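The structure appears below as structure tokens.
Just so it is clear, A, B, C and D label the chains in written order, and each chain counts residues from 1 on its own.
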Amino acid sequence: MRMTKAELTAFLERDFGQVAGDFAIERVGPEGLVLRLRVAERHLRPGGTVSGPAIFALADVAIYLAILSRIGEVPLAVTTNASVDFMRKPTAGRDLLGEARLLKLGRSLAVGDVLVFSEGAAEPVARAGLTYAIPPAR
Amino acid sequence: MRMTKAELTAFLERDFGQVAGDFAIERVGPEGLVLRLRVAERHLRPGGTVSGPAIFALADVAIYLAILSRIGEVPLAVTTNASVDFMRKPTAGRDLLGEARLLKLGRSLAVGDVLVFSEGAAEPVARAGLTYAIPPAR
Amino acid sequence: MRMTKAELTAFLERDFGQVAGDFAIERVGPEGLVLRLRVAERHLRPGGTVSGPAIFALADVAIYLAILSRIGEVPLAVTTNASVDFMRKPTAGRDLLGEARLLKLGRSLAVGDVLVFSEGAAEPVARAGLTYAIPPAR
Amino acid sequence: MRMTKAELTAFLERDFGQVAGDFAIERVGPEGLVLRLRVAERHLRPGGTVSGPAIFALADVAIYLAILSRIGEVPLAVTTNASVDFMRKPTAGRDLLGEARLLKLGRSLAVGDVLVFSEGAAEPVARAGLTYAIPPAR
């Protein structure tokens, strides 16, 4: 591991100030990273469900941080592909937890997937697969 | 067509009040719908690029409105799958336009895709394919 | 579980005669299903790699059988979406194993994902997410 | 354009001998490429539908050839991601046509999408988005 939970949190606050308040890193380790979305009014859609873009953001940031935990700060890594299955309505009034794992960490591409759960629920709200392009000069 | 541009705009403002200010419907017709994302500070990521979730939201809302333009108000239609290719960095200081077309409008599933451009640019920023589940009782 | 390994194997041979010889069910249980692709010359591409369509077929059939193991024979279930990340070249001369898990088994849609490994390898060759539409009258 | 229809056909026959008989290049030009799948018994599934893997192969080969038409022979380009929406049952007894367009042709990644039609039908059978990694030394 190249970056700890504290270092990743500091990075998030510094470089992603606008959204850093939405997220909290729960755990980080060789097996992956768990990221919390602190669900607030601005993440909701009619009917009380968490919006698709908010779930997308949770998955996207979770994989990004998982990559950084392994290779260190690479602020120019960019998402090239994301595929998301939305499966269940989130539980009202609960945060969402994104459980990210890296499946490939190559020189130029990293691939991971994320299962998103309402906190305390057994069945996932969503599943996402993401690919990041990693800049060559690192 | 079941809903006009004016009706869709009114629906967006009433039911999606939180994000309605982000979007403007440019055109709607049998061939599809063009939706503008009024890019603002809150949509940006480090480096001045528009965030992935903001691009996702543009594609998601564009297809949703394209479906409604054809079948009328179905507020409970939900996204079940979205696959996005992020291809180019958006042009700084420009709005994004999402050109949505419906490829299938079945009884229970609707499928469409969206090309996203920086306004005035010839080459797309992103491409998205989305599936919506349509509730049975309509 | 509604169908055993033996019943699923019989179903595969009867209804998918053309491809049944390509596959062998390794394990089936509440947590998912493992399907083997018996890699043969016809699955290979230049350079000795297993073709994308063969990997796709492995993932597709694995999820299909996992669904049947839970709801019984539903021969008209159809794939509506598949998203595949190809991550590594398969090991030459080895079979592929697809480890499928169901993430959602609803009345009309089932969603699962599959990790594909070369037999004996620790890191996945591919990852796939698939959605099946299940016919209403079951 | 770096390769003509005749050159692409010769490449397909030489390097993809096993599947070359399945396909015929209909058209190739700056706007894209149209590839025919000569549907035969081996491509069918129960109920007479064309199998998902056969549709996947059509989309995959169509984009590959579209890339080659623009950059010349790059036999080691590999698919890194494919996302397919299966929307309608193909018309029985008809070939499939895949209409591929390139949306991005970068130094290391190429992205395209494909609409698949039964010959003579107005509405698409499937839609696919594909990403290819292009080897650095070209």
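One rule holds in what follows: a contact is a pair of C-beta atoms (placed from the backbone, for glycine too) under 8 Å apart; a residue touches a chain by one contact, two chains touch by 3 or more.
These figures come from a predicted structure and were not determined experimentally.
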item: Centroid comparison with chain D (C-alpha atoms), farthest chain; value: A
item: Pair joined by more contacting C-beta pairs (A-C or A-B); value: A-B
item: Geometric centre distance via CA averages, chain D-chain A, whole Å; value: 33
item: CA centroid of chain A to CA centroid of chain C, Å; value: 27
item: Whole-Å gap between the CA centroids of chain A and chain B; value: 23
item: Chain C residues counted as touching two or more neighbouring chains; value: 80-81, 83, 85, 87, 131
item: Contact set on chain D toward chain C in their complex; value: 15-16, 18-19, 41-42, 44-47, 49, 51-54, 56-57, 60, 75-76, 78-87
item: Residues on chain D engaged by chain B in the complex (per definition of touch); value: 81, 83, 85, 87-88, 103-104, 111, 113, 115, 123-124, 127, 129, 131
item: Chain C-touching residues of chain B, taken from the complex the two chains share; value: 80-81, 83, 108-109, 131, 133
